[in-house]
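Look for subunit A in each of the two complexes below; its partner is subunit B in the first and subunit C in the second.
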Partner chain A sequence: MITMSKSFTVNIQRQDDPHGPKYSESFEIPYEPGLNMTTVLQRIAANPVTSDNKDSTPVAYDACCLEEICGACTMVINGHVRQACSALIDNVLKETTGPIDVKPMSKFPVVRDLVVNRKAMFESLKRVKAWVRVDGYHDLGSGPRVSPHEQEDAYPLSKCMTCGCCVEACPQFNDKSPFIGPAAVSQAILFNANPTGKIDSEARLEVLASRGGIADCGNSQNCVKVCPKEIPLTDSLAKAGRDTTLYKLRQFFGR
Partner chain B sequence: MAHPTESVSLQDKNYFLMRRLHSLLGLVPVGAFLCVHLLTNSTVLAPGVAGGEFQKSVERIHALGPLLVPVEIVFIFLPLLFHSLLGFQIVFNSESNAQQYRYGGNIRYMLQRTTGILAFVFIFYHIWQMHWFGKPLGGGAFELHDAAGAATGAMTTAVAIQQAWWIAPVYAIGVLSCVFHLANGLWTSLITWGITIRPSSQRTAGYVCAAFGIILAIAGMGALTGFYNYDVKSPPPVVGDGHASATSQGL
Partner chain C sequence: MGKQNVVVVGGGLAGLAASMRLAEAGIHVDLISMVPVKRSHSVCAQGGINSVNDYTRQQGDNEWLHVDDTVYGGDFLQHQPPVKEMCDWAPRVIDLLDRLGVTFNRTPEGLRDHRRFGGTMYERTAFAGATTGQQLIYALDEQVRRWEAEGKVDKYEYWEFLGPILDDKGQCRGVVAQDMFSMEIRSFPADAVVLATGGCGLVFGRSTMSMICTGGAAARAFKSGANYANGEFIQVHPTAIPGTDKLRLMSESARGEGGRVWVPKKPQDGRDPMTIPASERYYFLEERYPKYGNLVPRDIATREIFDVCVNHNLSVEQGRLCVYLDVTELAPETQKKLDGILEIYEKFQGDNPRKIPMKIFPAVHYSMGGLWADFERNDQTGGLVSGSLRNQLSTVPGMYVIGEADYQYHGGNRLGANSLLSCIFSGLFVAPSIQNQLSCLKDGSASDAPSSLYEGAVSEHKQHMADLVGNRGDENPYQLHQELGDSMTRNVTVVRRNKDIETTIIKIAELTERYKNVSLSDKGNWTNQNFSFTRALGDMLLMAKVIAQGALQRDECRGAHYKPDFQITAPDADDPGELRKQATAWCQSFKKKNDQWLKSTVAKYKPGGVDFSYEAVDTSLIPPRPRTYGLKGAEIIEEVWREMLAAADKDKKAKVGT
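Now for the complex of A and B:
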């Protein structure tokens, strides 16, 4: 026997191509327990008919790991940036009495619908050399020992998935400011703490002490609040402040 | 798009240094001056002859004589101008989202920029109204002595404050903006310079800066209340008979 089931409405900001106009479409989704935003987008793809019974197209979105590890499905749900896969509809519905509002991240160029190009973040990672340099593929032997204390400091920073939440919520990361963003600053701090990565620490500090670096941080501390991986980003930003202070003093007075 | 010019690249090249200078100048001398200024002005509440203690404090400052103007320009006006100009650029380069993300830190971020603009407008209004700079433009109310050498510091200030009903509220908003901007700026500067790193130390610093701001706000509001309630009808009290000649001659 068919019973009347609850349903909820999702308003999605859509855009057909990178230059196309933005428009909004509503979809009525039958309620099921345990839905997340990605499954909602799958339901829409299976039956792309809007609330006012017009045929539409499946909403384009990124998704990969589906367990908040890759960061691909980051979008703005009810005005709050997060991953679609871990945005449980039961919780999202509690945040609002009206329809669920879904938009792509605003700080990156839209490719289509909810898909954005996060190239700016990867360019920032390149600027701060967010890697450990190795000379070649020959056996270098075992690396330097890392104390458990250092590991405990480094591990949380290594969880960054470059999802874009921190820069989306950062009021300093915008078209008018060259700020590289909290994620890249934190990665610079991570690789400067690495015993092998240290070799490039001055090059990283030089970037942090240049335009777009730590001086462009405004201490709103939104980054640490929205980070889904609970990375201590403000610790990294303050450390970047300390390390660049000392770096510039060393540079001025001589080592 | 802004056309890349020589000055832009020069600014980009020295941006880190300029921002650290901006931070430093906001604390010393500008912030330090605000503390001295508000504490000095709060002496108008001191018991005894109304404005007597205040007059003595101001005369100590004016004892610098002809050096006072260069000291004011080099140690207050120029640092304040640099702090303001770079501050405006910081405001214009930020996009506050405090409506969307209502975290305490984000609201303080927005308030820091708002109070910066309010403080800028207020300070220039205040300088015009009180300082001799403002005289050609109809301001310049503050006089330490009248023609006869009698003490009128508190008197002239009080007259200027009581001139219209809206002046005292404007002063309250202006002074509180300056105090918030300094107290919150002190908190962020501890992060900027890398002194407080962990959330726990930043929280402790937050309490200290809040206490500092509250004390300074009380001093400022006390001073304002003192001038607002100052009896401008009675003749100015005469104190410090020798000071008048000392200040006019300078050091």
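Now for the complex of A and C:
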């Protein structure tokens, strides 16, 4: 069994800055039980010496909560996009007979090594007005009543960490397409269903019906497969399709 | 006069609450955060948020009882007026969150559902699944994004706070921060600065806290003249999953459903735990506390697990401290109720806890202490004067502190589900104070301050960076951090003995010396995380000193601070007369202890060291009383204590009469 060997190799795609060339470096990591990819990157930082014994620099990476709830540490490990914190080395080693392959997400500009800039995702949240527009923060009593069923529909959508897995897997989200991606579409659906948030639903549908909106979804259904929070993204995309169609029809008939 | 501006440092619940409230008031905010604010540590909170609610009110609950539970749970170390104000506001805070769209769990009628948490008799806790913190921060993040879209808030994400900028009168006129991508260092002029920078768990190496919780920002403010209070009060949660990178929380409900804690009687028995017969297992909580078993209070469970591993060398593993938390014997339908937390264990440990006992150990969880913050008492309400220039103000004029970064609200021990409340409350409540502060600034806005002030501060930090990057030595910062965490965790967490704390203080001094010879493996000037970490390590060494020295000096037991050498001997007599005598002696010792130690520790920075002084605690609302949970003769102790209080009261009145 490979996990019984004393060490394993990690191949990491590196890039010194946004304009620098990509290159690969290998690191030999002593095996111990309970390792995850984040610990591997911590070990490299503490001792940045490559497999061929050259002094290197610590690999730059994003990390924060390490509980798969903040979304920071998303990267592509053995070709699968996921969070480094919950990528257990014992499992990752079983996926390959060679070295573990680690790359930054490909859909965002690389800042350095495994750090990418996901600003585009947060900008999309602005575009779809992903918030509830309340009158103010003074005391106006409690919010509207919400049935347990409505809460059960909203809660899964509200767990989106803006981690980037869905857009990394989405063939339509790329340099050549203006598609805002499944995460932002799903947030628009979440806030359109909110009893107060639906006041802005037409503005959101307008965004979903325009360039980069739901029409750019190619229905590959990759997003839902890679979402670490198992958000029903394809349900949101389907709903966005229906709602924008109805919205456009209503507009056409001048209502 | 130029445009006024506020800098908020930290984008967790407290920082976001302050930002949105300030933006609503028409004040421009620069929000600086080391991570995109949506990824702040607040996301890790699971349980819920407390407030008196319609349901508990009908059972006799009210805001005073919430205050009482909070200060009793905190062993009376917190000033009571801020707690009163927070508890009075709590129902309105939760109403607001509800209106912002937080997906709180619901009753069949569509009302917010509540659960009961530790330290109270009432179901005060509103919750959103098992990820309440995440759901709350998302709601506030969305509001701040709305203000950002309107140009009222400018976010600086992946920017690290390096220190406040003080003018020659000591007034805070802005901050210096660094872009963590480009490494650019620049100033942010401000008419008021709010620090909402969280706790300092990384001082202990690994904790339940996120990677950004180094205490670096607090240390930098401390070095600039902001005092730090009650640093030694650190909450340790009994059950966390030990990881090689961090310690992840394992909820108390596993024990609530019947989970049992044990270790093999043979130290580091190598066998598969399922093959170890019951006679060779040590169910230490059940044996030591036959009445409460595995459901002893949190602090006791924490101390016993620690004791078994550290003092009795019975840790399950060699070289790593842990005990078994065993739910394998539970019926499948009971296990199913625990699915949520069992899945976390499975995901991160790779073992199925339904079949193999979980390995858990206590973990540093929350900093009750923090930067000192002022308040102004409202004598009519017992709470605070809303909008007072003093509320949440640090010892640096113009610099406010809120959230886990401050020392208010939780005293010696925090109650579950009170932290989300204190963070959001202090964030919302600081805004009117800042608004008033801005309206009465004599020197106009910070943009009118001389540019030399800002240039000087920036060049100082640039020099610090150049010095650290260019440092020649042979010490590895990650190695130093590990040694610091090991020593702090071993000697300054659960059970504290002065000789052990002294060992750690010597260790901190040694590490501080070795830090001077630290060498970076990355000397570059682009996204240099190696540099960022090493700079924060210097700050962690300072925070460690504040925590350890504070712990050494406080010779008593209070809340999370437990020193067995200074524990008041518990009554043990069976004879009622003798028991009463012992209870009287106990109360006298307790009074003596409170006279000496019912005080906040206040640390003040001086170059090369830290000065400590002690500040009286405002207990104007609820007189302190003994915490008697689990003590023999608890009722009689409480009775004697009430008699002593009444007698003292009578004496006082008699004196006033003459």
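The working rule: the second predicted complex is superposed on the first by the 250 of 255 C-alpha atoms of A that agree within 3 Å, B and C clash if a C-alpha of one lies under 4 Å from a C-alpha of the other, contacts with A are read in each partner's own complex, and residues count from 1 in each chain.
Everything below uses one rule, namely that a residue touches a chain if its C-beta (ideal position, glycine included) is under 8 Å from a C-beta of that chain, and two chains touch if they have at least 3 such contacts.
Computed from a prediction, not measured in an experiment: that's the story for all the values here.
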Clash or fit, subunit B versus subunit C on superposed subunit A: fit
Partner chain(s) touched by A:Pro48 [first = subunit B, second = subunit C, both, neither]: second
Touched partner set for A:Pro21, first subunit B, second subunit C, both or neither: neither
Partner chain(s) touched by A:Thr245 [first = subunit B, second = subunit C, both, neither]: first
Between subunit B and subunit C, more extensive residue contact with subunit A: C
Partner chain(s) touched by A:Gly98 [first = subunit B, second = subunit C, both, neither]: neither
Geometry of the superposed three-chain model: angle at subunit A (Cα centres of subunit B and subunit C, steps of 10 degrees): 160
Subunit B versus subunit C as contact partner of A:Asp90, first or second or both or neither: second
Which superposed partner A:Gly254 touches (first subunit B, second subunit C, both, neither): neither
Subunit B versus subunit C - smallest C-alpha distance in the overlay, whole Å: 22
Residues of subunit B touching subunit A in the complex: 12-13, 15-17, 19-20, 90, 92-97, 100-101, 103, 105-106, 108-110, 188, 191-199, 202
Residue numbers on subunit A that touch subunit C, as the complex places them: 16-17, 32, 34-36, 38-39, 42, 45-48, 55-58, 60-61, 63-72, 85-86, 88, 90-91, 111-113, 115, 117-118, 122, 125-126, 129-134, 136-137, 139-143, 145-148, 150-151, 154-155, 158-159, 161-162, 191, 194, 196-197
Interface residues, subunit A side, partner subunit B - complex: 79-80, 169, 171-172, 174, 176-177, 209-211, 213-222, 225-226, 232, 234-235, 237-246, 248
Residue ranges of subunit C in contact with subunit A within the complex: 20-21, 24, 35-36, 38-41, 43-44, 92, 94-96, 98-101, 103-112, 128-129, 131, 134-135, 138-139, 142-143, 145-146, 148-149, 181, 210-212, 243-246, 248, 344, 347-350, 428, 476, 478-479, 521-522, 524, 526-527, 529-530, 533
